[in-house]
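The same chain A turns up in both complexes below, where it pairs with chain B and then with chain C.
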Partner chain A sequence: MPLGDFTPLLARPARAGRADGTGAAPPRRRRTGRLSAERLSPFVLIAPAVLVIVLFRLWPLLLGVNFSFTGDGDRNGAAVGLDNYAELFADPLFLGALRNVGWLVLLLPVAVAIPGMLATFIYLHVPGHRFYRSVYFFPAVLSPVIVGSIFNLLLSFDGPVNSLLGLAGLGPVDWLGDSNVAMFTVVGVHVWATFGMSLVVFLSGFATLDPALLDAARSDGATLPQVIRHVIIPGLSRTIQFVFVTTMIGMLTSMFGLIYVMTSGGPGGSTYLPEYYIWIQQGQMNRPAFASAASTVLFLVMLVVGLAQVSFLRRTGKED
Partner chain B sequence: MKQRVLWPAAVAAMLALAGCGSATGNEPSSNSASGKLVVWDWKSSDKTATAYVEKAKADFAKKHPGVTVEFVAQPFDQYYTLLGAAIQAGKGPDVMMFNGGGQIRDRVDALVPLDQYVSPDKQRLTGWDAFTKDGKVFASPVTLQGHPIYFNKDLYKKAGLDPQKPATTWSGFTADCAAITKATKATCFALGNKEGAGIQFFLSAFGTGTLSPQEYDDWIAGKRDWNSPHVKQIFQLWKDVEANGLNSKGGNSTTMFTDAFGIFQSGKATNIIGLMSDIGHWKDFNEFLGPDNVGVMKSPVIAEGAVPSLPFDGGIGYGVAKWTKDPALAADLVRSLTSTDALSTFYANAGAVVSDTTVKAAEPAVTSLVADLKTGKPALHVALSSKTLELMGRLSQQILDGSVTVDAALKQLGESDRS
Partner chain C sequence: MRGARISRWLIAVPMALLALATIYPLVFTANAAMKTRRDYILDRFAFADTLRWDNIATAWTSAGTARYFFNSVTVVAGAVALLLLLGSMSGFALSHLRFRGSRALLLGCLAALFVPFQVIMVPLVRTMADTGLVDTYPGLILAYVAQYLPFTIYLMTSYYSAIPAEIVDAARIDGNTTYGVYRRIMLPMGRPALLSVGVLNALFCWNDVLIALLMMPSAEHRTLMVGVTSLRGQYSADIPTFASGVLIAAVPVLAVYLFFQRRIADAVTAGSTKG
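So, the complex of A and B:
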């Protein structure tokens, strides 16, 4: 029954138009009425899904944006226009957080290349590839708090990593206490903790790669870099695109736990990211409206970065 | 046809749902059913606080037999986030715990002034300043929080120094430190500044040895001159102590809670600016070093004319929410929570220095702490807003790693403090 009703939906108006083109008006009107009900039915059927999105996603989003134009504390609830945004962009801490987002974007190719390279090696059956496959995935099941605690111990000033460096005759590095180093340390740990998932995605991408192409390239005498450059990368362009976008989202939205545990945004605010800033403003400074403004900016940044990435990657995908 | 039946139903459902969606009133309302009070804190789930809570409940039950009291213990690191959400919604607990200083002053809009209810307690309890804003009291103090300088008497003895007579001048103090480091390899200070707490403790502990009494009182009263030579001297000292290798290594990546305390407890550092209550205090140190080895000193004199004292304030206290139905009833519960009986239990079990001046102390370190309470003054950092404290934490880390100068830091702090 539903199928019977559905399939003609698109076909029927056209057919009806042609058949009744010269016919009398009354039957036509009656039929349009019936047809509009039929036309509306798909909208009715998608309504629950749309409603869920509108009610639980878009509506709160709009409330949040609206909230960001109100004040905090003494001015609670009063409209303050763009005051929050003006303050936000005058705050060196927030600008620092945005600069760190810039760093994340710049480091993104590295974060994608690492699982990509490792997946390539596993796919090319380096010795022990089965072992590596499971070992690489292992950190992905650990929670950021546990990962952060482990690396807090490893990277503490008198910790094992610095002891090893000492043995090698290198001076100790304050991995988490030096504002020039801390951000890279945290990003490195984040990549370590999450690349397993991207690796699996890459491996599934390899599963769709035609082995005949590889064999052909090899018999033509292509070297490994040439195989990667001309066969594997074009063949995996969609997978790479997907990993790029998910890794970026992961970096911008799920580093909170690591930052919270490893640096608390320090030293000197050098590892602040917008989400950590939002949390501090809301939770510690008791400024929910100001935090809403920061959230809105983060949302826009994510939107721009995401769209730019997708379009950029789509273009490069086409060139290949 | 099926659609015909479905369509109006769907429209009706849509309207109903949209109606729900737009119902977002922000009217304050109370969820306290008559005869029930809800208390939020982060203490009542601690084993050491169980007896205290029981005593307070029993005291309250005597006065109001029909009223049930429910304690909801929240995790501390989420506490103010959850409380913020409750305040935003205008409903939540009737009675809630606060840290003294910025944390409560930022939220007095949601609280009932308690002066008329707690006036009988004004004399017996001390530490009210930290819970007072614009002359009104918003919570009754439960514990006192202060920042004494603890030292390891054992290390003093090992270096041939007299632990009964710690130095009273900065040069004498650093000379003692140098002697101890030479003899035992222990650094002068255990520093944990990962949370930015190290500078707060440092400012309050050594501020008493640097600012003149007049400057000190002005600072507490809100007349803070961040460009004064003495304030600059404290921050310069913060930098110099690190530069001269007096701190334990990696202070910016060491947590105050609890790695820095661990350094002191294991005898790797001679001094630490600790707390009086909750954590990192004499009771914790006693366990590791033995009660006879835990010494307490006031700041050495750093600048001519300063009169060192013990910096302390009300530590934690209970306030009453504006949305509670019967503020007098809730205030009575606050009074029960600060009764002598309950507080002496809290002192005995948790080792907190409580706000009640009639509770008697026993251990040597506490005895000297309690003796110092009479001359003690409010801590310098508690007078600052949480925004300025947060900024000071970040700048202190940057001073340590050299990315900001003392002058630039003080300029920013002055601006933040004035706004």
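So, the complex of A and C:
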């Protein structure tokens, strides 16, 4: 489809249905070489980006799924059917990683509620709300590597956190060395580092909320919990949905740095997540095909969790 | 109203404590970096009596930190420049030019947004190895561009969509080709968005560790974040030097945050309100 260039009057009505490529054919009056260069220009502008995305993002996805049905090492390249998947689901480390994903899903409401509550308070102009807004967001820009290193220092067995707890007559807690505690420590640090991100998203959602609704609820004598339940939550359902999905994606795909720095998956494999497992199989064990099978499972898990969340939140949203 | 005021303060106090918990870990680290080893062991919490830069100097010169810092700067600069160029070009095409398949392209771009790196990393690294790009600057730059381009295109497209078609049409009547419109209208008008997206992408690339670990196996090509991960092992008995290394990696980010706080928050939220 040629551009509507040089024919702005013709093109404008069609532009309302922007970029659907089905607009009326503009007259082909000009026949110069310059015009054919013009006609190609959208493709020239977009080609490099398409090339990069297809080559290094979409193609590897297909390649990886395909790859997961082949063997490693001696059986390199040979089709092995579902062998990799069978081995995967027999590996206690991988099953542990999936169990940890289950924990993350259970902890998700907490990770969403904390920034949601804080954003509500900031929106209702708690004293110093501007200050809180920028302070809370600040850890979100730090690398997981830096965050992990700092908390390695703070949470070591003879570290400052335990000595503070000692002053209060508590602990010491082996934050990173106890297999029952370590996963929760890492998730806690992850929430510490990322709640500011969700907070800012919540605040931008609040900006779209009609203040008149809040005033009306208040003048009717509604308490804060009532306001939250009947005004804020229904009014922000889209934002809440967005935060749920992005927080889940964040937990499943951006905790590598923390795990790598803080626990290396230990103690006893208790802090493995699928992404870390994939990395170990690829980078340490040199088993790329097997790692691809784990990647495919992770992708499916994310798809299922994401879709389930969206439909669940839609349903609860409708009940209100 | 009095009751409301009291409950406000009841909320404000925990919020203040949380703010302290947000800031203090970094303050602790910076403070540790300023102490001698002996001072740190004697009292971890006391504030350093003077600003002592020896640890910073040690962390900078030993352990390859200077080299890693240079690597990171090179890669981040290259990736951000390329991201902004490709992102603005495609954003312009997708928002203001009509061509066959543009809608499908936009959807494909959004789909790519939801393909996490962990899912494609194994085949990606293999493709990179096959083309000789592993362990090279262009290889890591390309990996970052591929990773953050869908997001960049998405934001640039939504930003450019707000520019009225009349402006583009007027520029064409003045005799500009599509490329002229891009260079004379879209690039200058897109400056605020380019700055926000550029800052955010710079943070993403600077902070990444997984992609860098996979793409740059040799020690001389390590990025700073990968370098930081090995500091703990090297300086397990010398916490002040370890803290100094962490501080060196954090300071550029802190500076960027202080300068561009609002822009970062805007870019982060742009996706949530439009989508």
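Note that in this section the second predicted complex is superposed on the first by the 261 of 320 C-alpha atoms of A that agree within 3 Å, B and C clash if a C-alpha of one lies under 4 Å from a C-alpha of the other, contacts with A are read in each partner's own complex, and residues count from 1 in each chain.
Note that a residue touches a chain if its C-beta (ideal position, glycine included) is under 8 Å from a C-beta of that chain, and two chains touch if they have at least 3 such contacts.
Not measured: the values here are computed from a predicted model.
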Chain B versus chain C as contact partner of A:Gly177, first or second or both or neither: first
Touching partner for A:Gly269 - first (chain B), second (chain C), both, neither: first
Contacts of A:Asn100 with chain B and chain C, given as first, second, both or neither: neither
First, second, both or neither for A:Gly283, with chain B first and chain C second: both
Chain B versus chain C as contact partner of A:Ser295, first or second or both or neither: second
First (chain B), second (chain C), both or neither touched by A:Gly257: second
Larger contact residue set on chain A - chain B or chain C: C
Contacts of A:Ser41 with chain B and chain C, given as first, second, both or neither: both
Contacts of A:Leu63 with chain B and chain C, given as first, second, both or neither: both
Touched partner set for A:Ile53, first chain B, second chain C, both or neither: second
Footprint overlap on chain A, comparing chain B with chain C: 1, 5, 37-38, 41, 55, 59, 63, 279, 282-283, 288
Touch list for chain A against partner chain C, complex: 1, 3-6, 8, 11-12, 14-15, 18-21, 23, 34, 37-38, 41-43, 45-46, 48-50, 52-53, 55-61, 63-64, 67, 118, 121, 126-128, 131-132, 134-139, 141-146, 149-154, 160, 163, 192, 196-197, 200-201, 203-205, 208, 224, 239, 242-243, 246, 249, 252-253, 256-257, 260-261, 274-275, 278-279, 282-283, 288, 291-292, 295-296, 298-299, 302, 306
Partner chain A, residues of chain B touching it in the complex: 1-4, 6-7, 10, 14, 17, 20-21, 24, 26, 78, 80-81, 84, 87-88, 106-107, 109, 194-196, 249-254, 259, 386-387, 390, 393-395, 397-398, 400-401, 403-404
Residue ranges of chain A touching chain B (in the complex, touch as defined): 1-2, 5, 37-38, 40-41, 44, 47, 51, 54-55, 59, 63, 73-74, 76-77, 93, 155-158, 172, 174-179, 263-269, 279-280, 282-286, 288
Touching residues on chain C, where the partner in the complex is chain A: 7-9, 11-12, 15-16, 18-19, 21-23, 25-26, 28-29, 32, 44-45, 86-87, 89-90, 92-95, 97-103, 105-106, 108-109, 111-112, 114-127, 142-143, 145-147, 149-150, 153, 161, 165, 169, 172-173, 177-179, 182, 203, 206-210, 213-214, 225-226, 228-229, 231-232, 239, 242-243, 246, 249-250, 253, 256-257, 261, 264-265, 268-269, 272-273, 275
